[in-house]
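Consider the two complexes below, in which chain A is the common component and chain B and chain C are the respective partners.
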Partner chain A sequence: MDLVALINEQIISLELSAESKEAAIKIMADKLLESGFLSDRDKYVEAVLVREQKGSTGVGFEIAIPHGKSAGVKRSALAIAKLNEPIDWQSLDDRPVKMFFLIAVPQEQAGDEHLKILSSLSRKLIHEEFRNQLLAAKTPTEIIDIIKTI
Partner chain B sequence: MLTKNATIRNQEGFHARPAQKFVELASKFTAHITVKKLDGAETDGKSILGLMTLELSKGSTISIQADGVDEEKAVDSLIQLVENKFGEE
Partner chain C sequence: MKKLLAVTGCATGIAHTYMAAEAIQKAAKEKNVEIKVETRGASGTENKFTEEEINEAHAIIIAADTDVDAGRFAGKNVINVGVAEGIKNAHGLIAKALAMNEIAKKDYAEEVNKLKQERSANMSGAYKHLLNGVSYMLPLVVAGGLLIAISFIFGIKAFDPSDPEYNRIAEALMTIGGGSAFALMVPVLAGFIAFSIAEKPGLAPGLVGGMLASSTGAGFLGGIIAGFLAGYVTKWLKENIKVSKNFEGIKSILILPFLATLIVGLLMTFVIGTPVKGIMDGLTDWLTGMSSTNAVFLGLLLGAMMAFDMGGPVNKVAYTFAVGLLASNVFEPMAAVMAAGMTPPLGLWLATVLAPKKYTIDEREAGKAASVLGISFITEGAIPFAAADPLRVIPSIMVGSAVTGGLSMLFGATLRAPHGGIFVLPIPNAVGNVLMYALAIIIGTVVTAIVVNTLKKSKE
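So, the complex of A and B:
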């Protein structure tokens, strides 16, 4: 799974300010819409929030991977946001989230693609060096370069 | 130390939500828990991110290993969770 193919500089936010996880997800969904990944922003946001209600997507290490498969998605994407102030994500370890990865997958591709993106991303995030480099990155280009190399 | 095998039966595999349910249950036991794939990859059974790295789809076989005073109860409970599709379809 080539994660870089799912990312562009317009869907990376390095200084996101949001009061809640819902607000943060909506801001990044707007960016996905502007970049042409979504056909129906509200439909996609609803899928992500419904999924979030079934159980937090906080995976520990102050990271969350919210995701939604929806007919409102035109093509698969991975949006990335670093938060100015950590926000509560109801993670199992109770720690607030500093960085999240928002996955969008079209409804018809949902099954396997979804799992492959999650696994590929997890295999990178499990490395502390990768997480630290992302947290230290100053530009969207840097973020993409780190994902390419690790 | 005790090890038993289980097969992933839910349609979408061992993705984020099953991983969370697994970790919630695993964390109730003091035993150290390791989840292994047949190809040799293994991870801490109390780490959501770790479990997601295994890319377990429907039909995959895993072995669940527990080491500690409550290892028997831990392995049996976790095997049951996996075999029951994590309570979802």
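So, the complex of A and C:
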């Protein structure tokens, strides 16, 4: 699985501060842009927020998986952020979010690979041990190592 | 063990779909419940349910915001929630699914019964009147035929006082069965045909007309004519004789029966009786004197007719023909007809047993019900199969039934009672040449099964 193409240390933030989920998403989207994953940051953010309105991506367990499929995305990406202060995300279990995974997918998919990675990640997030490992990780490298076990 | 199914799907198809799937799978594992989860995500549908899995599932959980093709689950227990609920409340959903009531398995005998009733309700016109007469006549023929058969236990002529084998009981049985029950057969046929057409005022002229048909030797054909005659004459009189309200009672108790019976009686005696007797005599002579080739041919034809519409009009014509002939002491067609009416359901049951993979679970269940209906001579038991696959099933059952009918005539089997299926076989003398008769039925059943299975593709 081509995990390396999806994630790198620049798009992992272990000490993010933001006042709202929109702000948090925008900050991470900027990082995606800097790393060359996006062609149009605003378009992408809009897609994410639209999706967010349809149904909160705060799936509970203090985790959120905001995602957007957009023409503003060049390549699939998985950005990860741990928040200094938990943010309200209108989650399914009403708990604030400590960690979120921002997913970017281009409008037309050339292949399924990244989708499989993302769906595997989603599945893993249901399991408590996986979530705890991620929450305990101290460096971006550790995070990437944990993700590699998917 | 209750098996569950779940299908998840969300708008983007990347995350929630799989999270709900995983949550449900985890919850099921913790509860020790067998479950299969289909996901409808951005990369397509994974783990799609087979028809067999849907059939066997106790309940289906839909945790989706998108279309999941729920038409597949018609008739099953279904829980329908959004995908978020699947993530949040997987345990609750599984508990709810398990708690749902078992959906009652289809009762095939009941369905066939309903079909028969619908058919009766939809019949119209002359056909309906004829069948009404036949349905009132049948119990007489059954009782009479079987009692005669039993009297023969004492000896073929044991009812005859001048015969060395004479026996008082045998004589009584013959009087009851032949002298009384059988004697009422044609009058009742005619009477209730007329009743169906003209209601109560038609009964008397119909009964009398039928009585005259018997006495003039016009037989069951004369009885049918008498019944329709009496019915329509009475109806016409009813509609065309106008009386004031005070005389309505007199009209129905005196005027109509008197005039109708007079008219029908005179017509039967002077006009209809003799020619129809000629026809019946000719028919009876032809049937009893038939060469065995022609007999077999008749058997093939009657057999095919019995299977063609399984209890419908064509079947009933063949059947009524055979029953009517009992009144003229011709017993071979009756045997052929009953055997040929048993092989369609029996053959289809055997087919599901020999090649289960060619049939759905529902059809295999229907096969079991059909076997019971088949041995009871309820040809309608084949209808569910024919409805599902007419181009393969109907020719197959026609071939099987034709073979049975032909064999029955070839073996010279006779049957004195118009119904009873397998249950009349052990009654002494009810069936002539009973072992070969049973063989004819078995052969026809096997032929039906082989032909239909050859025509059917595997269900894989």
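Operating definition for what follows: the second predicted complex is superposed on the first by the 135 of 150 C-alpha atoms of A that agree within 3 Å, B and C clash if a C-alpha of one lies under 4 Å from a C-alpha of the other, contacts with A are read in each partner's own complex, and residues count from 1 in each chain.
Keep in mind that, in the parts below, a residue touches a chain if its C-beta (ideal position, glycine included) is under 8 Å from a C-beta of that chain, and two chains touch if they have at least 3 such contacts.
This structure is a prediction, so every number in the text was calculated from the model and none was measured.
When the shared chain is aligned, no partner comes close enough to touch A:41: not chain B, not chain C. Of the two partner chains placed by the overlay, neither chain B nor chain C lies in contact with A:21.
When the two complexes are overlaid on their common chain A, residue A:123 makes contact with chain B and with chain C alike.
In the superposed model, A:57 lies in contact with both chain B and chain C. Contact with chain C, but none with chain B, is seen for A:105 once the two complexes are overlaid on the shared chain. Contacts of A:67 after superposition on the shared chain: both chain B and chain C are touched. Shared contact residues of chain A, touching chain B in one structure and chain C in the other: 51, 54-57, 59-60, 65, 67, 92, 112, 115-116, 118-119, 122-123, 125-126. If you check the complex, the residues on chain A that touch chain C are 51, 54-57, 59-60, 65, 67, 69, 92-93, 103, 105, 109, 112, 115-116, 118-120, 122-127. Chain C contributes residues 10-12, 14-19, 21-23, 26, 39, 41-43, 65, 82-84, 87-88 to its touches with chain A in the complex.
Those residues of chain A whose C-beta lies close enough to touch chain B in the complex are 51, 54-57, 59-61, 63, 65, 67, 92, 111-112, 114-116, 118-119, 122-123, 125-126. Contact residues on chain B toward chain A in their complex (touch as defined above): 11-13, 15-17, 19-21, 23-24, 27, 47-50, 52-55, 57.
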